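Letters A, B, C and D mark the chains as written, and numbering starts fresh at 1 in each.
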Amino acid sequence: MASDQKVLEVNDLNVHYFTPRGAVIAANAVNLYVKEGEIVGLVGESGCGKTTVAMSILQMVSAPGRIVGGEIKIEGQNIVNLPEKELRKIRWRKLALIPQGAMNSLNPVIKIREQMEDGITAHEKVRGVALRDKVFKLLNDVGLPERVYNMFPHELSGGMKQRVCIAMAVALNPVIIIADEPTSALDVVVQRVVAQTLLDVKTRLGVSMIMIGHDMGLQAQMVDRVAVMYAGNLVEVGPVGSIFEHPYHPYTRLLIDAIPSTKQKKSLKVTEGLTHDLRNPPRGCCFQFRCPFVRDACREKPPAFKQMAPDHFVACVQY
Amino acid sequence: MEQPIISVQDATKIYGGGFLSTSKPFVALDRFSLDIYESQAKIVTIAGESGSGKTTLANLVLGFILPSSGKIMYKGQDVSTMTREQRRIYRKEVQAIFQDPYEVYNPFYRVSHIFNMVVRHFNLAQNKNEAQQLIEDALNVVGLRGSEILEKYPHQLSGGQRQRIMVARAYMLRPRLIVADEPVSAVDASLRAMILDIMLKLRDRHHISFLYITHDLSTAYQISDKMYVLFQGTTVERGNAGKIIENPRHPYVQELIDSIPVPDPKMKWNTNITLPPEEVMRMKSSVGCRFYPRCAKHMDICTRAFPEYTQVEEDHEVACYLYQ
Amino acid sequence: MGGLTRSYFIQRVLMFFLTIWIGVTLTFVIPRLSGSDPTTAMLLTMMNQRGYVENADKIIESYKTSFGLNDPLPIQYIRYLGHVVRFDYGFSFARFPTAAWDMVTPALPWTLILLSVAAVLSFLIGVTVGSLMGWRKTPRWLQSILPISLTFTSIPYFMFGILLISIIAFKLHWLPATGGYSRSVDPGWNLPFIKDVLLHAVLPLISIVLTSMGGWALGMRGLMIGVNNEDYFLLAQAKGLSPARVFFRYGIRNAILPALTAFALGIGSLIGGSILVEFIFAYPGTGYTLYRAIQEQDYTVIQTITNLIIIITAAGVLILDLLYPLIDPRITYKRNVAS
Amino acid sequence: MAVLATNSNTQAAARRVNIWDTPWLNAKFVTGSSIIVLVLLFGLLGPLFWNTDLAFTASSPVNLPPMWDKGGSPEHPLGTESNGRDMLAQLVVGIPASLKVGLLAASIGMGIGILLGSLAGYLGGWTDHIIRTITDSVITIPSLMVLISIAAYVRMPDTTAMALILALFAWPGPTRLIRSQVLTLRERGFVRMALLSNVPALEIMLFEMVPNMLPWLAASLTGGISGAILGATGLEALGLGPTRVPSLGTIINYALNSSALVRGMVWWWLPPIITLVIIFTAFFLMTVGLDEIANPRLRGYGNGK
């Protein structure tokens, strides 16, 4: 299980998107770490900044977005503003990505073999039969037949493509993998099979992972710790058991209550409210416009993080 | 006997495979039957994964496509042979809301365009004030005010507002049936409840039935009365939604429900499901049970003919040889 | 998987014949729709130019009989299609004993070589410029220089040719202005002749390439920007591949596919425009022959050249179409490959 | 991996800042259209200030250089050519003639394109198959070649006849464009909403689909106009244009036939070419600008181009 070694640290990350109508604050002072062998889930609604954080870790925030502050350390090395050449050495060997769109993540006109091999040969001196055997082994590890080696992406189903992506990501045994909603485009049965594959591979290799998602059920099944984001801010972080048992932040509670169940019928909880314009955040708590427990103190200054249980932090003035 | 508002009778839809076509014929929907009655408003769920034929069914019921065989009847009248006036009434009584609440807005117009279109083409109002009143009433049902939204452009609204406006638009026509094609799968979790709640309200207070098309069994469980589970165009299990989800009989439906991640870290998946190799999955038998290649409990008899529906309990039928 | 399938092949070959048929039919039908038949019109003008001709009507009548112009139109049309198939259009009007076909053949290699080199060059340069313009990682200085190469994009080829002749040939005397080679050299496989031919080809080539490459470049830029936002392109970057590899295998490799389709569709207008360039430069290709034929009202030669160019263009498009599945594995993909 | 998923909620508060905040104020589009307006004004207002009769043979002394050259005269500011035509008058008459041919041919092409394209896209099936096949065939025909061979013996009395013949090849482009647009738009949610609102097909086409195709249609039209002018000048330069009215192409034809190039009479061949280059560049800018309006991604990465 997880050791205490922090393989990834995100310190005070600020990312802005510079639009003609003002800067959109997509990530505001985000602090996050991942310990060795741990899966951290990053959850929130669409547009809450979870993908921005992931892209920042990958150093792939594209214009008009820019990291305006903070550091991202992989095994202690800060990679923010690292020169392109240095960054390339870290990519894939230490920092891999399992992308979201299973349908479009593979180049449609290049064979699977080449797409799997180029990631390896860009960083390691493996060639010829050794290289082929390595790819075969990776395919086996994710439960794909060796035939896939010579196929084009359009000949594979969505689940198979996503497993190819998983095989690619673990090829160089990276320190940390960013999984961007790795199963969201798949049917529920296939989603489960792919999620199992992902967990198997993770257990076997002991790799650390950040798993982005919006499906709290899937998070409960897969991750060790959960980080909840709202409107560019981290609002609660904690071990998955603790979070589900006792969600402290009203927003986390909302997310958990909103999961529909097949076990029991429950009355629908209706909430409504608009997220503020990210160009123009309010003073105080980011959740004040939608919070059912909002009070004057929330409008004054942003709440500080407070520890509620071991490893479980929340930013809310209630506590 | 009461005439159903919509009666789908043995509807089959086959794509491709025509003369000079290179693609093989693909059976999107296979002998589907369904009746929805006006007297008791119900939410009927059509559940299935991608490729199950659920969207094909929605398009058939809405008259966007015609069945290859079988019939879609609106109050005893075949949808494919309607006169203009009959079609107008059918359009008025059978409405729809769609998955992506942004897509259904023409970015060129303000939100009011959506309502004006309906008022004009169904002659709902004699004058401007009357129309204004109708729109305002419809918006109130979904908890919105005209002054807040009508003069805005669609991109200025939230996802929840956009979807509620679509419901209001449909409601304005006082339809008897609303086809809701994945109405909540593109909205965030916290807004999902609101849309589902409105659907329940419309059923209970305004007696509007819903054909709720979804891949998500859990929301179906929360709101629907009746349910049809589709697999590759065929109906594998049908009946009371609660009974099916609480006690699924068909191996496919069992697998489906078993795969839904449980939102409780203490109840992790403990079994592994394995899918057969891809070539087996892609194999499609056109006779017999479509689930045969993937089924752990398959028998020789399964490939011979599609199983008859067996009643396993009251209001719960399954098409599987295990129960015959 | 992939490759050329039979149905695709048949489909493309049918398109090839359809294109030729529409092209040659238009040149037959439209003039006749406008009332006059071309031969009579041309004979009349010839006679007008020569002043009064005795028994003009009888001469016309005898011509009409010998050319079969008194037959019903469908018969004429079928006979005309026969000419097209056999590449036989009869005698040249202006230089009577010579067959029209023999007037055209000497010019053909000049045109074919000039046009294919020009088309390929302009496409290659355009695609390179365009993909660099559309690539996010292209150095800033290059990004700011590249658009300059689009300056001449909107100018018709032949007008640019006129400008080039007047400046480079007449003012600066750097290159020869017109013709395919100088009178001073012996045609044949000798070095001075080849050098001379190449020198003469430079200006026509430049005027076509510089004006037509911009279109490809702009198209390619758009395609490349699209590819830049594709998930697989981002994943390739995340893999830490070298920028060159990302650019070529994940950028150009994908963006060039629709560009090639556009190229196939654009060949026709490229060739049409280039015909005028030959005329401006008095280049001894079919374009110049055509110009002379127009001057001399040589109907059969005009017809020969037009139909020939239609067929050559269609052949070029056919070749591109047949090569296309080799580089795009998806195009002829059939269902159930796995089984 | 939509990084900038500035979601709907946050955009709710964003309003259109002001009326200038519209994509139609694209720099290239605005520049291009202003130039065309200026050129058009020159052609339209020219006859008020200059005697257009001077555009005809033997109306003026021959071979006069422009007024700023030695031997030039202010009575013929841009000089005269070997057949005794005044250059300025020829331009004044020629510019509207050339623009008219282009506009007419492109409009006819666009009309046919809208008809065929929407038929193919809307009806699908066999209609679509036939229209698409023919369109794809015609688009690969070297149109200028066919036009030359037609024009070689159809004497064209005026610019309208010329435009009609040019329109023969002006329709496949718009047809392809509109077909593909209709095909995508047909599947869009708002078209289905209109269907559900009992809106008739023609009204859906005109009020739901066309507004969303406008920039594409406009780009296709400007591209078509400049294509038709290109074809027209090509034919005229070969001496196949209408001979009665001078147009920019015919001036070039006369100049070439009289060896103006070799004789160094720059003022004869250069003005029509410069005018045409200006016109083509303007239409090109408009087309590129409209493309950017239609497809915001093309607007580049913020380095000006």
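Here are a few things to note about the model shown:
Criterion: contacts are C-beta pairs under 8 Å (C-beta built on N, C-alpha and C of every residue); 3 or more make two chains touch, one makes a residue touch a chain.
This structure is a prediction, so every number in the text was calculated from the model and none was measured.
Ranking every chain by how far its Cα centroid lies from the centroid of chain B, the top place goes to C. The chain closest to the protein's centre is D, with centres computed as averages of CA atoms.
The largest tally of C-beta contacts between two chains is found for C-D.
If you average the Cα atoms of chain A and of chain D, the two centres end up 51 Å apart. Chain B and chain C have Cα centroids lying 54 Å from one another.
For the pair chain A and chain B, the distance between C-alpha centroids works out to 32 Å. Multi-chain contact residues of chain B, defined as those touching 2 or more other chains: 158, 278, 282.
In chain D, the positions touching at least two other chains are 1, 7-9, 12, 14, 301.
Contact of a single residue of chain C with at least two other chains is seen at positions 136, 231, 234, 338. Interface residues of chain B facing chain D in the complex, by the touch rule stated above, are 62, 64, 87-88, 91-92, 95-96, 98, 100, 102-108, 114, 117-118, 121-122, 153, 155-159, 161-162, 166, 169. Residues 49-50, 143, 158, 160, 188-194, 196-197, 200, 215-219, 221-223, 242, 245, 255-257, 259-266, 268-269, 272-275, 277-278, 281-282 of chain B are the ones that touch chain A when the two sit in their complex. Considering their complex, residues 15, 18-19, 22-23, 26-27, 30-31, 34, 36, 38, 41-42, 133, 136, 140, 143-144, 147, 153-156, 158-159, 162-163, 165-166, 170, 218, 221-222, 225-226, 229, 231, 234, 264-265, 267-269, 271-273, 275-276, 279-280, 290-291, 294-295, 297, 299, 302-303, 305-306, 309-310, 313-314, 317 of chain C touch chain D.
Note for the complex: chain D touches chain B at residues 7-9, 11-12, 14-16, 188-190, 192-199, 208, 211-212. Residues 58, 60, 62-63, 84, 87-93, 95-97, 99-101, 104-110, 114, 118-119, 122-123, 151-152, 154-155, 165, 168 of chain A are the ones that touch chain C when the two sit in their complex.
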